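Order of writing sets the labels: A, B and C. Residues in every chain begin at 1.
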């Protein structure tokens, strides 16, 4: 039994057709799991299902053995599941520190020590703590986004294409940060377009096709699997 | 001496009135901007909501006067305002519950909400006129002047008098206090920050666990406070007439947009920009030049850029220019 | 709807019924104008008041006889100012075309405009004073062209179209809610100008006694054929009266009543022609390829743009057309009233009420617009009697002099706002597409 898992999830948007079909995904603490697949495979949908942003027709979602299939997204946040959307993932009109404070909105009591931890993890943010996030570079914004999501001390962190639209150098830097986060014993689940680089840092990966699990295995296995290579990694 | 006279002249006829009027506009503009920033629609019921708050204030003032409560030199209305605010907040939450909430939940486009606010405008206007009538009402009591023009002349020996009404000082004073508290709330408290976060990025605010219902409720509470105080101060300084309040919506919108809609501090400054430019451009400077220029160069005409009839047109022209060149407003800064 | 108006005719009077009917027709024209912009293209125009006022201004400028004395006194100055304005526009156009966009250019243009305003003020001041001094109690303005007033319906459309061109060029790029606010404010500026430039149309001193396109009651009452007509219509009633003197008095009364009904009927005929013509044109347009394109643009601007449709140009075009229709309505209104009162142009009546008509009737549907115009205007007029009835009903137990009853009865005129507001809110909530929704669904 994995720490966080979605079992045989089926569903789609509103009353539309099912986008994911009997799709199963799980992740343990201290592990990075990537969800890969071609466009329209249902990667982001699977993630939204885990977060409760779409209603499932069947299947279940559990964290630490507790069934959370019926909880609203906000309540899932309370259970320790944090999410970084692909776009608009920061409060651009607020300062770095205020972004972090908003991440801790649900926390009772003092959270200054968590902010300090985040600053330790992303030193650049401490430097720019009073600057508006809208004025930061793309890579720095992604760090703010990660930092905001980490403020509730999540046990599961979900990232939707964290490296979309950033330069290769920034991408490497971001992946380094993600590995740092993983070492703090967080279960990380991410959807990625840059499949090779993602698999390089992932412990495990899932390849989805038309909303179903097609391949799965450790990062290395998938990287070396000729079928995966030919169809998704460009040979 | 002439130079001093000229300065006093400008103070008396431009600076003090503009500062007062600007404060009144600023409160309305912040009202518009906060509703726009958080509830995401242009509220066409602004003027009438302010009229409603003022009406309640007047009714309570009358009641206090009838049972003999007064504040001595200060207007009784000040005592009535807190009670009126409670009533107004109730009204706002009532309107939200039965009108606006439906469209918010359905995620209707802002245009539809603006149309709905026109419905609210009609109803509010009707309620105000049915209850208190359309006529002009003054409800100022207490000491009218802090400095009278004549006294000032005697005191200083200058030709020009400086008259400062207590309603003007009250307006500026209360506005500054209220706005300071508001900015402190928005920038320093957790709830205030959560409101800014909601305005900035609604989806992410939800993901962070911010409760939208709470944010909306607090928005209406703040709006109720601003509408009541803004409206009451305007009524104390000038007079209460429902039609004037409806019309005031226009310079208020202008101030909010000039300041960058969604930006409360911009709206605050925008109020003064509109007020000062209205009064600057329509003031007849003849007397001013008579003081500072030698006799031979005295102007024959009024030296007035535009006649006072175009007072409103000035602020609207500024607005149009701002919309064309800087649609996000002339002040940079944190958006709500 | 017609039935209701006929009921008013039977229970109140035919005179009242016809004046309601005529105003319904005018409202319908205005609503069609707004509907063209909002329903076809999704453009919000809260400046309807300004276009209606321009139409009214056209009625004055076309029909009033020129005041020669005023022309002699200050006409030259005014013409000079006109030339100055035209020159200013051309200079600015020239600069816009031939210079790169820089800060200096922007400031230069601002400088030219400010200098221009100052020069125009200096040039016009004496002329305006002279014009306004000419017999201020009755004229004090330049007067018009002295043409039949019906021409003003076309000229009013052009006036409104001209303003719409300028406003459209300036404001159409704005977001929907900004556009609403901007058009509202611009229309206030227009009203401010009409109100305060007395040399143009006497401002708030009003222009009264405009020429009519239809006969005057007084003339009708003396016309042989009309008296015969009335006698014929009422022969049954008249025969019952045996006394000759009584018969003559009754006939006179009937002729007086009949004359005003006849005049109103003439107006109804003229207005009906306009409404029907507009209805035919707008319906044809709606179902033409152009109408399809407009809806495509409204529903998905980006896609239409990508397909090579010039969205900006089409928006401008439809903004001008819709405003022109409102201008016609404005001219019709002044023609019917026979007077031009700039002070009466208020946004509640000329902008927001028309919008209530559009929303209630059904945006995008021309028949809906007409129905909205009729239904809302009818309610607007009949709101007072209806609310009086309701007040009396609900306070039936109270004595006549009870404070609440007196207060409510005095407030009767304001119940119409309440009804409009509640009506609008109910329609928006439960029939958001209006009573007659748009028929064409785009698959």
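In the analysis below, a residue touches a chain if its C-beta (ideal position, glycine included) is under 8 Å from a C-beta of that chain, and two chains touch if they have at least 3 such contacts.
Worth saying up front: this structure is predicted, and the values here are computed from it rather than measured.
Taking the definition of touch as given, a chain qualifies here only if it contacts subunit B and subunit C alike; none does.
The interface carrying the most C-beta pairs in contact is the one between chains B-C. Compare each chain's C-alpha centroid with the centroid of every protein C-alpha atom shown, and the nearest one belongs to B.
With centres set at the average Cα position, the gap from subunit B to subunit C is 32 Å. Subunit A and subunit B have centres, each the mean of its CA atoms, that are 46 Å apart. Subunit A and subunit C have Cα centroids separated by 59 Å.
Listing the residues of subunit B that touch subunit A in their complex gives 190, 193-194, 196-197, 199-201, 203-211, 334-336. Residue ranges on subunit A touching subunit B, taken from their complex, read 73-74, 77-78, 83, 85, 88-94, 98, 101-103, 105-106, 132, 148, 152.
Of all residues in subunit C, only 44, 106, 117-118, 125, 170-171, 174, 176-178, 180-182, 184-186, 188-189, 192-193, 195-196, 348, 352, 355-356, 359, 408, 410-411, 414-418, 420-422, 424-425, 428-429, 432 touch subunit B in the complex they form.
Residues of subunit B touching subunit C in their complex: 41-42, 99, 102, 109-112, 114-116, 118-127, 129-130, 133-134, 246, 250, 253-254, 257, 301, 305, 307, 309-310, 312-313, 316-317, 319-320, 323-325, 327.
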